[in-house]
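Chain lettering (A, B and C) follows the sequence in which the chains are written, and residue indices restart at 1 in each chain.
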Amino acid sequence: MTTTRSVGILATRSVRTIRRLPSAFFPALAMPIFNMVVFAGTFFAVTKIPNFPTDRSINWYMPLGIMMGAAFGGVGLGFTTIRDIETGFYDRLRMSPTSRLSLIIGPLTGTLIRILMMTTLVIVIGIALGARFTGGVLGVLCLYASALGIATMGAGWGLGLAFKFKDMRGAAIMQLSIFLVMFLSSAQVPLDVMTGWLHTVARVNPATNILRLARVGLVNESNADYLSWNAVWGGLVAVVVMSALSLGFALRNLQKLSD
Amino acid sequence: MNNTSNTAPIVAENLSRHFGDVKAVDGINLTVNQGEIFGFLGPNGAGKSTVVRILTTLLGPTGGTARVAGFDVVKQADQVRRNIGVALQEAAIDPLMSGYELLELQAVLYGIAANKMKQRANELLERVGLTAAADRRVSTYSGGMRRRLDLALSLIHQPAVLFLDEPTTGLDPMSRLTLWEEVRRLNREGTTVMLTTQYLEEADQLADRIAIIDHGHIVREGKPSDLKRSVGDPTLLINVSREQNDQAKVVLAAFGDMRPTAEGTLGVGLKGGAERVAEVVRALDEAKILVEHLELNQPSLDDVFADATGYRLEGADSAPQVD
Amino acid sequence: MPLVTASKGPIVRRRSTDTARQFVALSRRSTLAIFRQPALVAPSLIFPLFFAALGASSFSRAISLPGFPKVDSYLQFTLAGTVTQGVLFGSVTGAAALATDIEEGFFDRLLAAPTSRTSILFGRLAGSSVFGGLQALVFLLALLPFGVTVQAGVLGYVSIVLAGFLTAFGVGALMSVIALKTGSAEAVQGTFPILFILLFLSSAFFPRETMSGAYRRVADFNPISYMVEGQRSLSIDGISLTAMTQTLVIPIGIAVLTTLLALRQLSVRLAAR
């Protein structure tokens, strides 16, 4: 019972800062929108490459904006945790008799609520700018699922690094690693359009699978990556496995904090 | 005091600086004579630094005039700059540069000829004891080393007037002594020094004359010894239990004026001096007041300050003591 | 009473070369500062190269799309964009350092000395400008082994390096306006996203001819588009008056304009004292 209540109060704290400190939440909303707009605008013509999965560039780059926003939003939890550790607030949390798991699940829940809000906003603006879901409600759900999944991954990774380094060095590693994982994937163009070294790397990068899941409801119905079990399962497995691994990493380093 | 001479190195007349409604400096008059160390004393926010910033051309006055080294600080700012040395609060120095490089830069800024630069820099490094550290980046210097380098920088052009803005704030006692010695030496060599400080002891030790500034006004000015004498009677400090505090106050008031003291302590300016202590003790005893602690203090600059402003200088007690 | 004792006196004298010497000394300081903080400037060298490598693999099939100039590789196309991206991002350091000088009081030290007021500004910007030129050179050399050349030859290489220098100076001056206005290095760093937006809303990564709608119109208005296209033309087509003009005159124009703004802000800051 206390675990549930701890999770609740910690999640509330995380969400409350949106209202208390809207300026801090603003970049988290602006960045995904900005990324979606500039990628779709700059690489507008990329859909004309033969066999490109969609003929609307915003269909391709809206999920990218959301996924990058979700990933960075996730590691952002690590960032605020570093601040809590530095101010000593985190020691107060650790001294409380609540379960260690709730120290992770609570703030994570708060983060996921923010990601839900961000995703919804970007989808609305994306549709206003011409994005069209080809896969209906199921496609929209896949996009939400992948956003929450990658945010969970990011959060676990960010928390783990925060506990491990306890200072801003951790934040630098978070930013850089997420940046690399996101870009060394099918972020900009699909696998069969890219050539050379990137193709080799992106093929084994789990982010590619998760991005495919995010886009299943937005590519052309004739495309192999359109909503089907074949296109979806890889992303789901990646989300579940990577989330479990990263949360395990966070929990292990939280426990090590008292060593 | 030498108020007649307009050629004194620092003359301020009716100097004011208002920031909106805030009167940081409100019509002060000040003369610093040739060859003096002048101590400018006041708590944070009293207007000390504002005066220094005006006199060193960093800030314009909103009223009045000031002449430094014979030049008007507004109309002849450039000449003023050429004739003064300034060591600012916090010793603002670029941590990425070495001590020698900073001296070199300073030499160029003051237009010192290239062929004299090296010699001058080395002389100054020697003088402040930084020769060994000359080529190290300033980020590796200790607080004391930074202040010494700052002093060396301000001396690069052999200024006639030197401004030191809280030169020892935050220094350990040893570094503080070293810096004081150096200031005295410079003064013996003929440099006029204006020194701001929050430390009463520093002013007492170094300054020929001091001025106390409070809320933008100069409230006392003169030689430390004269000022102390002017406060007159020594202060008797007495601690009693809280319940008897008011009762004790009544008894003490008969022996002189009450003086501001730290919370929980009573202070009275004892008329007639030390020989009356016994009387006070008897009077308290008769009133059945239990004295926990008793101390007789000869007037200090702190008393001068308290007498002038009605409160004790914040941090005066916590200032590192040097003996 | 004599103002100073006979034994000593200010050994300062006025010379017309003073300002030049001060400028050189302050420039030297700001240039050394760049090289003494490699961690601060490394990202503006590494990230553009990372994006170039990423683009080379991602967009190798895009170069045959209508609207693209005839190039052998996307890398060849993106050379100018890489240079501009690096220089834009690097140019923030000089202005941020100026703000740090204000924050930490070094600016006051300079003001309390008889320093020429313009040397304080230009001396501080010199370091990041030199770095801008150097960045351009590094990018040109780094992409050389991948067959990316500048068709305009030596003059083309020199012009692009010069453009790097000028752009870093011009953007640095613009950022200095914020540094002088706020006196906060954080505020200067905070404007970084604006540069990011300006860069993306230009033809730095894809030709304007492939864009459409409002986005295209913004890129048409963005001076960065023309600057990049000038360098791109020098690299792909060879030397031409138009390309040279775009490569050099646009950054000069920007630099003149932003310098005026920065000088104005400097005098506002000095007058507010």
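FYI, contacts are C-beta pairs under 8 Å (C-beta built on N, C-alpha and C of every residue); 3 or more make two chains touch, one makes a residue touch a chain.
Owing to the predicted nature of the structure, the values given are computational and were not obtained by experimental measurement.
With chains as nodes and touching pairs as edges, the resulting graph is an open line.
Taking the mean of each chain's C-alpha atoms, the chain whose centre lies closest to the overall C-alpha mean is C. Distance from the subunit A centre to the subunit C centre is 34 Å, each centre being the mean of its Cα atoms.
Separating the CA-averaged centres of subunit A and subunit B is a span of 58 Å.
Chain centres here are Cα means. That of subunit B falls 45 Å from that of subunit C. Residue positions of subunit A with contacts to 2 or more other chains are absent.
By the touch rule above, subunit A contacts subunit C in their complex via residues 34, 37-38, 41-46, 48-50, 183-184, 188-189, 193-199. Residue ranges of subunit C in contact with subunit B, taken from their complex: 1-5, 7-15, 18, 21-22, 24-26, 29, 32-33, 36-37, 101, 104-106, 108-115, 273. Contacts from subunit B toward subunit C in the complex involve residues 2, 5, 7-9, 33-35, 53, 56-60, 69-70, 78, 81-84, 86, 88-90, 92-94, 96-97, 101, 104-106, 108-112, 114, 116, 137, 153, 157-160, 189-191.
Across the interface of their complex, subunit A is touched by residues 50, 53-62, 65-67, 193, 197, 200-201, 205-206, 210-212, 215 of subunit C.
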